[in-house]
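Letters A, B and C mark the chains as written, and numbering starts fresh at 1 in each.
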Amino acid sequence: MDVPEGFSPTFILVLNLLGTFVFGLSGGLAAVRARLDLVGVVVLAAVVGLAGGIARDVLIGAPPATFRDWRYLAAAAAAGAVCFFAGRVLERVERSVMFFDALGLGLFAVTGATKALRFGLGPVQAILLGAITGVGGGVLRDVMLREVPTVLREGLYAVPALIGATVLVVTQRAGGTSPVFPVLGALLCIAVRLVGVKYRINAPRPRDPTDRPGPG
Amino acid sequence: MDVPEGFSPTFILVLNLLGTFVFGLSGGLAAVRARLDLVGVVVLAAVVGLAGGIARDVLIGAPPATFRDWRYLAAAAAAGAVCFFAGRVLERVERSVMFFDALGLGLFAVTGATKALRFGLGPVQAILLGAITGVGGGVLRDVMLREVPTVLREGLYAVPALIGATVLVVTQRAGGTSPVFPVLGALLCIAVRLVGVKYRINAPRPRDPTDRPGPG
Amino acid sequence: MDVPEGFSPTFILVLNLLGTFVFGLSGGLAAVRARLDLVGVVVLAAVVGLAGGIARDVLIGAPPATFRDWRYLAAAAAAGAVCFFAGRVLERVERSVMFFDALGLGLFAVTGATKALRFGLGPVQAILLGAITGVGGGVLRDVMLREVPTVLREGLYAVPALIGATVLVVTQRAGGTSPVFPVLGALLCIAVRLVGVKYRINAPRPRDPTDRPGPG
């Protein structure tokens, strides 16, 4: 529809489908953990896998790709099926929800930023939109399971997404057309996220507000 | 705006307004049950009545009909008023929230799928979009009242919506232009949903994951 | 992009940026209260500051301004930073979250209605869209922090937003092009909201439904 700047569209599509699949795994496994039934597992896998891309397209005013290309649906549904049938195995992988979520975060941060640039957004906006694409699915997953979204609770969640998107935007602005750059951005995001989880690194907290009583 | 395939647009409009009204009843009654005040009742009725259609239009990239046609707003507001003034009577109907929700589910599943086909989406996408249109309002209602959405908790919620939308898409693809088909799809969806609720039928659950302790 | 009716676009932009900033303060302070870290504070400030405008643009089918104009992002980010570094001081202001929320409610109600009129919506739709613009950010803030949204819990929240938007729409329809009218609408909305909070005024509640037991 519009001329890509540099990357092969197929390459970006593959990253997007991969991101949809791993985010779907993260949603499906969270559903298995919450003891939802088969439909709940597939639905949550689909929601988490597809939400980031839908949010991205709606926010940049692009025709939503999700419902134009059956492969996104297939990737999300496949993730749901895998979680239902193999969830017990995947569950054994400690913190598996978090792990697949981190993979999706990195992949969607760079593909989201790429699409934003293609639709003519400025670099700062593209970075932010990349981060939103990465973060969106997880927010919905957490809200639907009645948890405070990870992006609010953990310092190293939005930050790695911003880092990954920044790598993409900076290198592409500098004329880089090699697929190395999106891969680099995604890997950097994933690495920072996993390190943050492992060592429980958080951003600084505001100082304790006066613990005043009252109706506030 | 675009040429309908078969059905009279008026007929689909009537189904849509009816769906908005019954979903509105479901939202308003849930608000009455949660002891919200008049404004809360009307707002939740409007949100639940309108959300599915808005989501549908945003997802297919159509200009949102809700804010272009005052009758949708009127239907949603009327539902809110009915719930406020007659909520006590409607409450007596056991499981009334669920009942009106089931009606809306069926109506929106077929109208959503119809609109998706008209906007050129493929059959699988149209079925999914019909289901999303049907499911959307209830998800918002549940999330705003801090419950895990029904679509995640109960097996026979997404499934009947998919069935209703499938009936519509298959018959329309086969050239059926009779208003019998959307009505059939909606009724089938409603019937499956109500049977599922009555007999507490659920999709199979994944086997119990190892109840391991840990920070997971 | 389109011809404004009457007001200087710069004036409306200033109101919008101000609204983004004060809503951002409300989100950021709520995050400080919930003991989130720096990233959580900035993210929630941004979400609350930007959500209303994004919802407005998506609902009227306008290209989302938020991601086209860096100043919105700057206003939201600035609010987050202020909350992190000065949150302790602002916290001392009793009910500060509510106060900044009221300011944003009034500002966004009138700018939302203005934009809806410019995009050709009817007066009733424009009033509703103004109210949605005002209410949107707070709903997300409450849902993400797992609270029932204020708009559902308190009678004088949606109502003042509707009043502010109505003032704007009526005066503009009557040919008023003076910047006095949006200011008047915003102030009226803010005043009604603050009076409602101070005296705990609520809309009437539905009569107590029969407290019947049962699986309902």
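Basically, a contact is a pair of C-beta atoms (placed from the backbone, for glycine too) under 8 Å apart; a residue touches a chain by one contact, two chains touch by 3 or more.
Every value quoted in this text rests on a predicted model; they were computed, and no experiment measured them.
With contact taken as defined at the outset, chain B and chain C are each touched by A.
The two sequence copies chain A and chain B touch through a face in which the numbers common to both fall below half of the numbers used overall.
In terms of their C-alpha centroids, the spacing between chain A and chain B amounts to 28 Å. In chain A, 58, 143, 146 are the positions where the chain touches two or more neighbouring chains simultaneously.
Of all residues in chain C, those touching chain B in their complex are 58-61, 116, 121-122, 124-125, 128-129, 139, 143, 146-149, 151-159, 202-207, 209-210, 212, 214-216.
Note for the complex: chain C touches chain A at residues 31-44, 54, 58, 63-64, 66-68, 70, 73, 83-84, 87-88, 91-92, 94-95, 97, 143-146.
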